[in-house]
Amino acid sequence: MGTLCIQLRTGTMMNMDTNVAVKLAKAALDKGHKVMMFGYGEGVFLIKEGQDPKRFPNVGKEVEALAKEGLEVAVCETCCIARGFKRGEEISGTKIGSITNDFSRMASEADRLVTIAR
Amino acid sequence: MSILFVLLKAPHEYHSLDAMAALGGDDKIGALLLEDATLYAVFKDKKDEIVDAADEIFVMGEDLQARGFRLRPEDGFQEIDYPRAVDLIMEDYDKTITL
Amino acid sequence: MAESLLVLITKGPYGLEEAFAGARLALGCKVSGIMENAAILLIGDGTLNACMGQRSEAVGMPSNLAALQDFMDLEGVIYCVEQDLHQRVGEAEVLEGVNMITWDQAREVIGSYQLVNTF
């Protein structure tokens, strides 16, 4: 089994990029691959706690569940600060991290990298 | 080498698929169409463009179905699901490039 | 396991943050000590990021040129597809140190990196 790194750079609403990233992560986990996701730019909102869309899938809940199944998730702290997303507001089991420490390591461990962005 | 190009945007959001052909060169080129990019399989003026640019074209079935369309067997597109997409990414192709 | 990452920049400067974000990501990888073999390839509108004469202060944005220079200051390698730049703006002065290459050479670059991260 291999290791997949997904980099997500779009937000959780207004398009389905995040849904695609989460579905891909789940399918890869189900096949026994190791999966890591890194949120960059708008992609940091993937792990914002308290997401409550009325009619759309709650990707926050999905990510929380996948994290319990082994999905590793980190997002860029600089991007979070720029958007007023504070440490402590992240979903349990996920991490506000950095490119230097987290994305670089994820990429180095990955067999494949998929960019989900516009 | 083989490259799987991941496309997420609607056909008319791409100026052209020249970048796919230029990046892929003589390599085996696959196109994984997700979200609005699945419309490449149904837009009359765009279908030929992607057929010319890629050796294999994979269409996420649920995205196309959500938009009310289905593939025509004679067009040569392959309908896939997420588990198959994972196999394409992890096993069938050497690397992925999102455009 | 991957030891090399190519940041592929396809978007031009200032309309979108993509190119700046790509340059900063490449820089972050370079300084990480984990993914030091990171390079940047400019194609399409992304080639405009290498053009001299940018005045990012005119729109109150950080400089994409400076972001590319920061990467090169750490011995990061930047490639730019000359044909794409010429197609768009003709002859243009580009940032010193950027490697102007053909599409054939760009394909070789892509082939030599294990992961490609598009911006």
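As written, the chain order gives the labels A, B and C, with residue 1 at the start of each chain.
Rule of thumb we're sticking to: a contact is a pair of C-beta atoms (placed from the backbone, for glycine too) under 8 Å apart; a residue touches a chain by one contact, two chains touch by 3 or more.
Keep in mind that what you see is a predicted model, and the values were worked out from it rather than measured.
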| item | value |
| --- | --- |
| Contacts common to chain A and chain C (chain labels) | B |
| Pair with more cross-chain C-beta pairs in contact, given A-B and B-C | A-B |
| Whole-Å gap separating chain B and chain C, where each centre is the average of the chain's CA atoms | 26 |
| Set of chain C residues in contact with two or more other chains | 115-116, 118 |
| Junction residues of chain B - those touching two or more other chains | 95-98 |
| Multi-chain contact residues (two or more partners), chain A | 111-113, 115, 117 |
| Contact set on chain A toward chain B in their complex | 2, 4, 15-17, 20, 23-24, 26-28, 30-31, 33, 111-118 |
| Interface residues, chain C side, partner chain A - complex | 1-3, 5, 17-18, 21, 24-25, 28-29, 31-32, 34-35, 115-119 |
| Chain B - residues contacting chain A, complex | 6, 8-9, 34-35, 81-83, 85-87, 89-91, 95-98 |
| Residues of chain C touching chain B in the complex | 8, 10, 43-44, 103-104, 106-107, 110-111, 114-116, 118 |
| Complex interface listing, chain A residues touching chain C | 3, 5, 7, 9, 40-41, 98-101, 103-105, 107-113, 115, 117 |
